[in-house]
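Chains here go by letter, A, B, C and D, matching the order in which they are written, and residues are numbered from 1 within each.
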């Protein structure tokens, strides 16, 4: 409960500092009998890795997941799944300069105010490298969700002030997203945005952006009221990602300026069983469908069966090559330019982290949902 | 863990349906020795109550908190504090029409999809009345925080598309906020916004808005990394409030379009002890202050000592007098106008709920923070 | 997490001091759709109430459970079930003498060492009256378990050094247990034990005893490894009851002196489906049965399908009429005889508490168990 | 919450199967600033390792702890401490025979009934090897407790029916305990007991025993009412150890046959500050001391300041060389002798596990205790 675990039944605990021996996670609560191998984890870790010509950091991270436990003969055992990746680039000397300085926009000083001690090398635990454990755990969650027909897809919706088309708008192309370095769902717009990001980087600066995410196949009814709402848990998951500064669901902040008659989604009837997305519902319950999805796929924090839709705002990478005024441990203020080569925009690398955190929320809610009502198959009073 | 509890060490569990016998909460984990009486709770409950001429619902709720346990001779015992308010207006017949219909924008259908059963009267547990337990629990948390010098203040930053000045801008007047029915920090702008809300209500419609909140006096270091970050927990708290559709911290969504050199706050030196806001820091740690507060008072999810600043987007009240297309339990679609008189804009009543949830997050983090490091007073190895 | 909640998915939180306004509980996580009324709760509360001519305290407690939430038209809603009983006998003056004294064998001094404050009236929160909330919550759990065919039965196995026959031994008669004031499963032995308890009470003294409990109908596989084992959770549940000093499962302490060949239960085959107790097992899994049950119904903390069997040792009531040496708040030592009339032996009133705590453990494990593996009915990849 | 984590604030999660790649743990919530190195962990792991000529298994386990995270320049960072040990002896072929058989007294069948799958090699996750993670985590907890002056000591109190002297009895010698293979606190009695264990082993049989544990230096007030009592948490901790069948505190089961006047400990006055064991108490609170310790160091589940004293019953090792009747996966019953060489008595190896689990309980309660009351140093309203 000290902040390094996430989830109740499907629970991930991450560990590791950027330049310590290793990073990774334990996934506790994954049901037994799920087919799982290291390749499913490596696939997601590859998506998280800094790219080639794109705006990401040039640091090499050849992360290879090692499954330490919880899988036997290709299937999950129901026991904790421990996953580890060694940190390869541990030359501490490169970071000696950071020992006594509090970089602007980073957690250096707040971390020290909290603990009285910090590992200054590469941000220590507050480094983006911590997300490796999240992505590895999220890969397990995604595998579980896939078996239930639930699919999660994230992309960069805006970068450096350049916005991609919205889903349903002309030119929106999710296939394109995984093929350009910014992960934007439109080839030309991605190129324009990349040009702006690179121009900022040439000036020793960096760019912010927005990551969007949608989820298809959620069964109506998923989500726990009143503090365990879908949006509440997703909001916590998103804001737990470094550099995230906001989140909105469905119409989001635009809803604040709308009238009720505009925001309420018009209900259409949906004949039971006709929708491939939803699970079979209890007999007698009509399955509903809505003309629009301003609700973002949930009402009262519980899934309607429409796609989940939300957006996360990311601030620009705080590490910039420009000289900035910051303080050191003696309380002196001085100019400092963060050394090294940094991500020009965090969004493309944030996409798999947003997906992973979404998967962790949904896997947990899926298991919690099993306890929401009594089921009574014939021949036995209740079912376990 | 089924969603009705919030917090780890300072933990509130709310109970009650809108038209059941009672609503309320249990606060578990409040430290012993705190002065607490029913009047501290009643004060907050009064702020939550529907007002007179304003845009709130005309339903009478004369809520009187009853303290059932946990307080003895005016002081907390360290035991669970149970607080209850009877529901007075339980005429179920008024709601018979709602038994078979799923109101648009409400959780009627999703609740039934989850549980297979719902209390249809007034929204049952998904009613805004559930927030009474939150506000009562938040009143206890506020009392605890006040002893540490931590002050929480919320207000309506925008309603029906009309925005109030930001803190620091000309005309921003928090004293005004508690004196107009919309709780906006500017008398004239509040009147303009109220006129637009009333115009919408005259058309059988409703308005959305934005609630802002700031917190002064947080000690640097508060907040748990990496999943228990200040912003992560506050985001969960805010999105757990009905009708909330988004949250942003500091510069928020604007940060997504900014450059790194604009977003990073410039560090100023702050001589230790000079700031009334912060707690004494460990010897040798300089206390920092920033020229701006685009970070919203936190870095890496840990408090910097600058004021917390965040904003929550609320959708318009979904209950509107206009006829809307919605579905009933047989799966038929029909026109339906929600009967009764409803809030024209949820923001003014959301303000005390936003404050209460903020208080619950901070009280919990304050207690969690006590375990973050070893303290060693002289004469004894460690301190408990 | 401050100690007043029990369980993860089926979670009870009790509240209340002995002489405060009320005692009770919230049950969070009970599945929706369960038939539940106040009479099911009152039935268990009656069993807990001090009896007539038996060794129990003469204090009148006419406890009437009031259901404040969570039930609608006779069925659980899946929302928190709040249950309250008013304290009727609040004459604080009777207890003024206890304000400054630490009774021997009671938690008066330790409570004050912890919190610096205590409600001295009747033991405050450390009073046996706190168990009312447990028994009420346990009644809900029992109702849930009954639907799964799980039956819990406790009795007094020994009192004042007089032991009743063991299950399977000649004369063991569970029907008799509810008909004598000590709740022992043998009429004559109960009378002998009662005579010894009354003889002790005549001397201003009290008696200890042992409560035994068995559970039939548990599905094989119930229980969470490695820290959530059936016996681990039951042990915590039992030792959380005031006056409990030990617990043993199956052969218990006798196993410590046995050889492995004596302790291991011999496996008999058990054709699938023939046992009315167990749930249908996955195809291909043989259902086992054992010749003996020295394991007490579990191996590795997971249910075998044989009856659960365990025993709890209770110390004598610490409140005795004899004068005892104890300390007061000024640190002075003096002689003190606890005033009033007290239980001669806690066992008969502990029986329903042991049963209630057992029910709470099993209801929680039943819900947790639903997440242990993936189930794949035909026609859909996985089942929620 | 799926059973592989223990503790709230000081929380350990163990992972690993006996013959998978590795076993270990994550400790989350250890305060920052504690001096910790691999040698402190290795010391405890060595105590857990199978011995030379004693009754333990001949399997070689040269466990070397690797600290993967959470420690920087010899001090804890306040971040998760991940500890791993590779499994060296993974020849799966040796275990092929166990794939289809359910060994008597082991969790083979119950594990499979739960999960539908198990790692049959060496017991998989239900192997005693899982305790390596507990002992490693317990070593961190012991280091923390040592700084507070809290010392934990376990020993074998009985083996094969031969009992060692009790603390305070003639011949009781804790120094001797670590020098004989059974860890009994009396050299000659240890030799007698060892002879009986070896005689049983010569017959292909095994022996049970009792492990006792005492804790000195606990501050009065430690322990959380009402479900988080010292004894409740310790009971859960003890019964979570494989082969444990019972636990008793202080007078334990003997209290069940005693009279109240015998069980209540007589209070002696204790002048504040005179006892080296206890922490400074709040002004005005007298520190108490008792003539005897039948309560086992706690009243109402809260520490009195007297030593904690409890005993754990262990059943004989279920793996015996004698042929036993057991079932296989096809449901056939056959004779089976567990191959290999096994512990003759689990007690000596259980001692460090009992100590580790005790340390985990106490470290968690120590951190929880910090939130029990408000503290008010001069010059500032409250203290964080």
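In the analysis below, a residue touches a chain if its C-beta (ideal position, glycine included) is under 8 Å from a C-beta of that chain, and two chains touch if they have at least 3 such contacts.
Just so it is clear, the structure is predicted and the values come from calculations on it, not from any experiment.
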Touching chain A and also chain C, the following chains: B, D
Selected interface, B-C versus B-D, where C-beta contact pairs are more numerous: B-C
Centroid spacing, where centroids are CA-atom means, of chain A and chain B in whole angstrom: 25
Gap in Å, rounded to a whole number, between the CA centres of chain C and chain B: 39
Intercentroid distance (Cα basis), chain D paired with chain B, Å: 44
Chain D: positions in contact with at least two other chains: 1-5, 8-9, 14, 29, 32-33, 78-79, 114-117, 125, 225, 368-369, 371-373
Chain B - residues contacting chain D, complex: 1, 8-10, 29, 31-34, 78-79, 144, 147-149, 219, 225, 279-280, 366-374, 380-382, 384
Residues of chain A defined as touching chain B within the complex: 1-6, 8, 14, 102, 104-107, 109-117, 125-126, 130, 158, 160-161, 200, 204-210, 220-229, 231-240, 242, 244-253, 255-269, 271-272, 281-282, 284-288, 295-296, 298-305, 313-320, 322, 324-327, 329-333, 368-369, 371-373
Complex interface listing, chain D residues touching chain A: 1-5, 8-9, 11, 13-17, 20-24, 26, 28-29, 32-33, 66-70, 72, 75, 77-82, 84, 114-119, 124-125
